[in-house]
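Listed after this line are the structures, all set down as structure tokens.
In the two assemblies presented below, chain A is common to both, partnered first by chain B and then by chain C.
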Partner chain A sequence: YQRRVRGCIAMKTQTFARIAFRLSSTKQEILLRIVVLTLIYIIAFSTRLFSVIRFESVIHEFDPYFNFRSTKYLVNEGFYNFINWFDSAAWYPLGRIVGGTIYPGLMLTAAAVYWIAHFFHVTLQIRNVCVLLAPFFASNTALITYLFAKEVSDSAGTGLVASAMIAIVPGYISRSVAGSYDNEGIAIFALILTFYLWVKSVKTGSLFYSTLCALAYFYMVSAWGGYVFIINLIPMHVLILLFTGRYSNRLYIAYCTLYVLGTILAMQISFVGFQAVQSAEHMLALGTFGLLQLFVGVNWIKKHIGAELFQSFFRIAASIGIGSFVTALAIGQATGYISPWTGRFWTLLDPTYAKEHIPIIASVSEHQPTTWSSFFFDLHLLVFLFPAGMYFCFRRLTDANIFAILYGITSVYFAGVMVRLMLVLAPISCVLSSIAVSETLDTYLKFVKGRKGKKVEEFPAQKEIGLVMVAGLTVLLVLYVFHCTWVTSEAYSSPSIVLAAKQPDGSRMIFDDFREAYWWLRQNTEPDARVMSWWDYGYQISAMANRTVLVDNNTWNNSHIALVGKAFASNEDTAYQIMRQLDVDYVLVIFGGLTGYASDDINKFLWMVRIGGSTDPNIKESDYFTPSGEFRVDSQGSSVLLNCLMYKLCYYRFGQVYTEKGRSSGYDRVRNTEIGNKDFELDYLDEAYTSQHWIVRIYKVRSPDNRG
Partner chain B sequence: MESILQLFEVPFHFLRVPIVRLKTPTFPSFSPMLVFCFVFLTYFLVLSGIIYDVIIEPPSIGSSRDEATGSVKPIVFMKYRLNGQFIIEGLSAGMLFSIGGLGVIILHRSSQKLQSEKVRYLLILAGVLCVMVSYNLCILFLRNKIPGYQKSF
Partner chain C sequence: IRDRYQRRVRGDIFLPRMRHIYIASFLLLLALLVSTRTQVAQNRVLVLLEDLNLQHTHSIFFSQLKERGYQLNFFSADDPSLALTEYGEYLYDQLILFAPTIDEFGGLIDVPSILDFIDDGHNLLLVADIGVSDPIREIASECGVEFDEENTRVIDHLNFDIRDFDGYHDLVVIDPSTDKDQITQNKVVLPTAQKHGPILYKGITQSLEGSLNFPILTGSHSSYSANIKSSAEIPRTIGKETVLVSALQARNNARVVISGSLSLFSDRFFASNAQKYRKDSSTTPKASGNYQFALELSQWVFNERGVLKASNIRHYLAEEKVTPSVYTIKQDVTYEIELQEWNGNSWVPFVTDGLQLEVIMLDPYIRTSFKANTTGRYSVTFKLPDVYGVFTFKVLFEQVGYSSLEINDRIPVRPFRHNEYERFIPTAYPYYASCFSMLVGLFLFSVVYLFSK
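Presenting the complex of A and B:
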């Protein structure tokens, strides 16, 4: 009986195995794709969690703190109060119209996730939603890149490779790590979504996809100022298709729908408003729209009248048309109705512009041009596969391929101009590299497998060569993964609000001075106290210390920043006048001399002088250098530098501190020199708080003496 | 209507129209591969950091003084910084990137129809060499530039 039962069970498992595993090959393929995409989704999320695991779930950097504060305001006050928010706690005494000067997409997305979660009684904290929003959207980007690459190359394998590559590419991770709650985190998702829907609508000519593309474009406009890239790239694509004779009805339907609906939707964002039809950055889209109508109209007329009549008609019409367009453009430019390219975008076309004219743009390190090592560090294997992928696209040109090529070329140029735009290069390099990988694998796996039926080029050692190639490519991809993970772990996962250093015995020392000082401000000063600091720290002070600041990272008012720069660069008497004018109660400086923290205010000081000097000609940069042109803080330093407010606030009482073995007191560990002006007292300020490692120093401005 | 047309005819009673053979300028057509070569050249230039070179104007090669002899030693790589480079360093790295890309393209060409088998094996060898050498040299360059670039998890 037992033998019969065992036999029965064996037969039952056999039949079950046969039924369960007898999926058709298409179903197997779909299952494999779903499994791979799920794994990619999980990987894209988890590789961005290094800083959450090492430190805690905290918002990083500077800009995300403003976004976090705005999201809290949105969640607490509601949508309409958020859109109409006037923030009087920033840019004292000017205030800032927040509702009209931000891209609200990020805050609305985070608030939507928060409200949906709370609707299902999953009570997430808003801070955790904000911290983890970027990894969540990075996973979504990986999925959309799968769809986009599949559309461009008509091959699902390419899509999977592209998706896997973009999940871990360091160029994208740097701006979407957990805690980096910034516009780019959701903007890249919106960018790829718009491009995917654009390619789909050009390929199908369907009104449905074109409308979806316009909606995705609206989401992109609400998310990031980089939407200007889309509204210039898509018209360029349309023009290239026109000039290479690839015009079709589908293109007409796709572009007209996108332009009309997209522009109307873009104007709903108050920050964009009428710029969408007035500013020079949008003129190419308008011009292409007009040109497309002309092209279609001319073709329609050509069909209806004869050829010779058409020739003469065309000449007259073309000359009138071009003449009136040029005069309209000239009048628009001359009367100022069409505003010229703003400085930020003009720098992309003429990279030398910012260095000469706008020091604030030039001072941001993200806006510097890119070196070869940044390219290789952020893209690794993709720099080799990118031109190969372009080659494969050029071999078999289709409408979608041309779009990928155009996107690739323009993004390589822009990434070369500004390091920050490496982010825009990362997705297309993943897509083009995946085309190269996929084509190579296709060719060499055919050698290994040998296709049934069709004739394949037979040559000796074909199978072995195929195996070697596939193995080599696999090794390269594995090395890519190792590199990406190392870069994510070591370079891009630092919160910058909390610093960590390895001690000689291997243990980790944490510097939490920033949060310590901001909380001191929050708990020990009057609620309406005004804090003066350099603009870098404005957002953090507003968000964590909840106090009014004079200037912050928005940098919209250059002369206000120049006033603060002048205050820091002048001696105490002049600075006190400015501080009384601006009603300043506390001054906050960042000082790295005790710890060796190199991004402190003394290293940024020359920028304060330059920006202050851009409005007040009495502040000359040369005054702060030694006669031989060096910037020194020791006894050889210029006396103007040794007596200015920033110097005194950073080095107050520092002259009595011993920082390193074998050195005298007052040794600055960042400038590697003993300071020049050691024993001085402050006339108009009192030291209010210095953090544990002297990184943040807060001073209280004394009220004026009583008369008599 | 007729009189207006006759008015237009008047100048030609005493002006002689010259015989001019003009063709309306046509848009020159480029083959896709020619455009690709141009794009490839641009790619090489941009990835060498030529825009950085033009704006920041670094020296073409760094120099340091040898303490013992006092002679000037050239330094190829700007160390410890990812966001700085010398011109020669950038151009050689860009060259490596282009060679690597060419290697992948050569490997693909070797699998297509060819005249002789010898050419096929030569192309495969060339492609593999290009890719391997350029990748390893790039890693070496990076290790030289950032001494901390190890796989230290």
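Presenting the complex of A and C:
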């Protein structure tokens, strides 16, 4: 029987081969291309599934929980209720207009997938749709990158290499593993799609492609705040083409269509609204649009009146034009009509800006400048191939190439400023690297094969050199694949809501404290109970515990966060006043001292002090340090720190616990020290719940003393 | 979702079976009966005496309580069978402690159990005297009152009773008709005692520490507290700070009256005359007002007076008369509330012009007064501010003597929906005009440009 099956398979392969051989070589190539792309599509999806297989189909991290919660709201309540959603369970008592403060693209995409699946009676769960949306879009990105790279380099082979590279590049995987249900997951797809259509429309000058480009841009605007990158990069491309004398009517059609349609469409997203024509980030695009009209208009006039008359005309027109533009800009800025540069934008241009001015921006780890090592970690081989690809682009400049070069240079700069923007760099480094790889392979494979008609080698050992180069590059590419898979598996596939640690005997230990505690809140507290925690956990509490929170990861109100920071940084008496004022019922803190979980609230505490101090000058960072300027929780630590609310809530009853052999009680395994204030009672709070490994501790705020 | 969830939980409790429904409805009826009974009649009183003889020396006070319908259960304070609760239910509604020098309570009663009794909403009349013991001090201290040191007493060399001329001048007389600042003028706590005879007082003094305590009877400017055996010490309390009788109304509306004198309630003081000593004999003996004072004090502390309840609390849209789950900014909202007062027998309308409604989100956005009317039904209509958020509709009524009312309703107020904004604004007409003229202009231009050759 086995023999028969084997025979059957062999026969089938033979038939397939026979069909393949019967096709012409172009058709064979197309077939090959489709097979390769299909494989890439599958690989891009499946390499992102480590977390689902290791843990379970669960949403990761913090922001995705909000996206998940609002997607559920959208699916249950419908589109109009969604865009009008006023969430009274967040930012108590201020509330949050969710519909007007989000980019709805992600939720709409997931809901669309859900609705389509249900229309065909495929009863997908909404959670699974959300979990698997990012891998699905990563596969689509791989396809679009193929088209983009093909358009830039005019070679299908380059496209295939780029597509294969982006399918597994860690810089992109970090944001698109299964469960990482965040804007970036679909935004990179939209970004590359927009760029592809832009290059296509510049090359063809077709109204059709530029309209499609505007639609892709609209999708990008609806998905991610990073659309600002597009609306600045494309005008830069236009300007450079203009100044290098590469202006063409194709460019005029492409840009004017994109700008006018794209801006009108962008204004439909209520979070963007009039920013699209007012805020400083969009001014470059507007200016370029104006300049382009001016350029065309001037050329037209020049054609009609003579050169002499034109000179004087130009002088008058230019001075009037520039003068009125500067006045309008000045008036706009002075009256606030053109909104001032926002903090996040300044951070892009000046990495030290946020640290000095906006603690809430600097406190986020993904807003930190990138280290050299993380460039290699996230891009590996691409770091070295990137400049080579740039070189090949410069050697043969085209409109499309210039765009790739521009994209490459700007995104390298942005990725250097902010870790998070490595994501934007990853696609273009794949494209440029693929150009380098395919150009190199083209050159040396010819050496190996030998040119047709020329039997004599151009220089000695040509074939051997070719072989060495091809083999070397192959080895590097194989290493790249191994590196990418290893990084994905080790670094980017943990959900962070469930923690895992290796035990001495090699087995894995799972800490599921977060979900345990959130579920406790859901089951054991009043439905309208208000929970105070540091803002990092706001989205998770509202999504998993379904309780009202004071602050969350949408850090739109600095002073409200500062009030919570002040409560945590003050002593119990002051904190109680604040908590009463804010109607707090429960306080939740994250504590890692027992397990060694390092990103706990004590390690984040200095940010609470800084943010709290940004509105209340009574909170001084220096009070929480020892005289020699150290932050320590042992007996040498400052007394202000040892008596503040956060310290007490984290270390309540910890003084009686033995954590490590040979250490005295109350030994903190994160700070590696014995805590300084062990025996204390809480005056205004009661311990309500402490999770199994003490990672989450929940306290109930007492009501005022009955007898005064 | 919350509603659905709650409904499911409820469904689990009441299994849809007929037998269970019968049992449930029976239990419900029973619970209703029990609850009405406890609400109207809080008449089970535990009286703890230092010495059972006090029943006879203070018989007038107790008999008038009995006449008012209270079931008095007299026990010696160290009786080993004492208990306040049985199977988690309180056996008594009120507690009278006439045991100033008791060192340890008997049975299951101790200081924490008495404090729990108060915190669960029951009332306490605590009477101390010279030589007050530690447990009594502790109860008082937990209720915000500090008694003076051991063996001290109130002394007043200018306002003592004439019979005490040769004594320590510690039988103090407070004459409500002249010493108006020494007795509370609050008509809820003491409606008429201010008009009756002088009050005789002999006992220890107290100072008030808590924020919810208020004095009922205080010493005069010349009174002080001292130990008669060692007169050299500086008095701990002097003048008007020497509080003699004080009250506490806890946040849960439990009432506590603390008196520093046991003899204040005695038959002897009730029956005797009182006359302040004056050199010029300008005073005349009058029948003491102690009886009236003790009577009205006990009425107040046992919730016979000054108990308020709020009912029919509603808020709704002024026009549609419906209560939405979420309000929208700038809507007109009506808030209704009905207040009633317990007059000892029944609930009667409570009329005041001091009732206010606050609409708060971090800060009060609206603070408005209800208009007083005779039916006790209050209503106010206001416009919600142009600010969204979770607002608290707060009615807080706190007046000394009355039980306090605090009603908080947390209601989200949302901004306009996308289709609730005004559609055609007059100021926008120029823009409409420019849009349409542009449309027409472009069309005409196209026609002219394309066909004029």
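Keep in mind that, in the parts below, the second predicted complex is superposed on the first by the 680 of 708 C-alpha atoms of A that agree within 3 Å, B and C clash if a C-alpha of one lies under 4 Å from a C-alpha of the other, contacts with A are read in each partner's own complex, and residues count from 1 in each chain.
Criterion: contacts are C-beta pairs under 8 Å (C-beta built on N, C-alpha and C of every residue); 3 or more make two chains touch, one makes a residue touch a chain.
These numbers were taken from a predicted model, which means no experiment stands behind them.
Undergrad: Identify the partner contact of A:706: answer first if only chain B is touched, second if only chain C is, both if each is, neither if none is.
TA: In the superposition, A:706 touches chain C alone.
Undergrad: With both structures placed on chain A, which of the two partners, chain B or chain C, ends up touching more residues of chain A?
TA: Counted on chain A, the partner with more touching residues turns out to be B.
Undergrad: Which partner chains sit in contact with A:83 here, chain B, chain C, both or neither? Use first/second/both/neither.
TA: Touch partner of A:83: chain C, not chain B.
Undergrad: If you stack the two complexes on chain A, which partner ends up touching A:689: first (chain B), second (chain C), both, or neither?
TA: neither
Undergrad: Now for A:527: first (chain B), second (chain C), both, or neither, which partner does it touch?
TA: Only chain C; A:527 stays clear of chain B.
Undergrad: For A:519, decide between first (touching chain B), second (touching chain C), both and neither.
TA: neither
Undergrad: For A:387, using the defined touch cut-off, is the partner it touches chain B, chain C, both, or neither? Pick first, second, both or neither.
TA: First partner only, chain B.
Undergrad: Residues of chain A that sit at the chain B interface in one complex and at the chain C interface in the other, please.
TA: The overlap between the chain B and chain C interfaces on chain A is empty, containing no residue.
Undergrad: For the complex, which residues does chain A have touching chain B?
TA: Touch list, chain A to chain B: 243, 351-352, 355, 365, 368-377, 381, 383-388, 390-392, 394-395, 397, 405, 409, 412-413, 415-417, 419, 436, 439-440, 443-444, 447, 457, 459-460, 465, 469, 472, 476, 482, 485-486, 489-490.
Undergrad: Taking the touch rule as given, give the residues of chain B at its contact with chain A in the complex, in rising order.
TA: Those residues of chain B that touch chain A are 27, 32-33, 35-36, 39-40, 42-43, 46-52, 54-56, 82-85, 89-90, 93-94, 97-98, 100-105, 107-108, 111, 113, 117, 120, 124, 128, 131, 134-135, 138, 141-142, 145-146, 148, 151-153.
Undergrad: Flag every residue of chain A that touches chain C in the complex, lowest number first.
TA: Touching chain C from chain A are residues 80, 83-84, 86, 88, 92-95, 97, 527-528, 546, 581-583, 703-708.
Undergrad: Which residues, counting only chain C, touch chain A once they are in their complex?
TA: 1-2, 5-6, 115, 118-119, 142-144, 210-213, 248, 250-252, 254, 256, 326, 361-362, 388-392, 410, 412-415, 417-418
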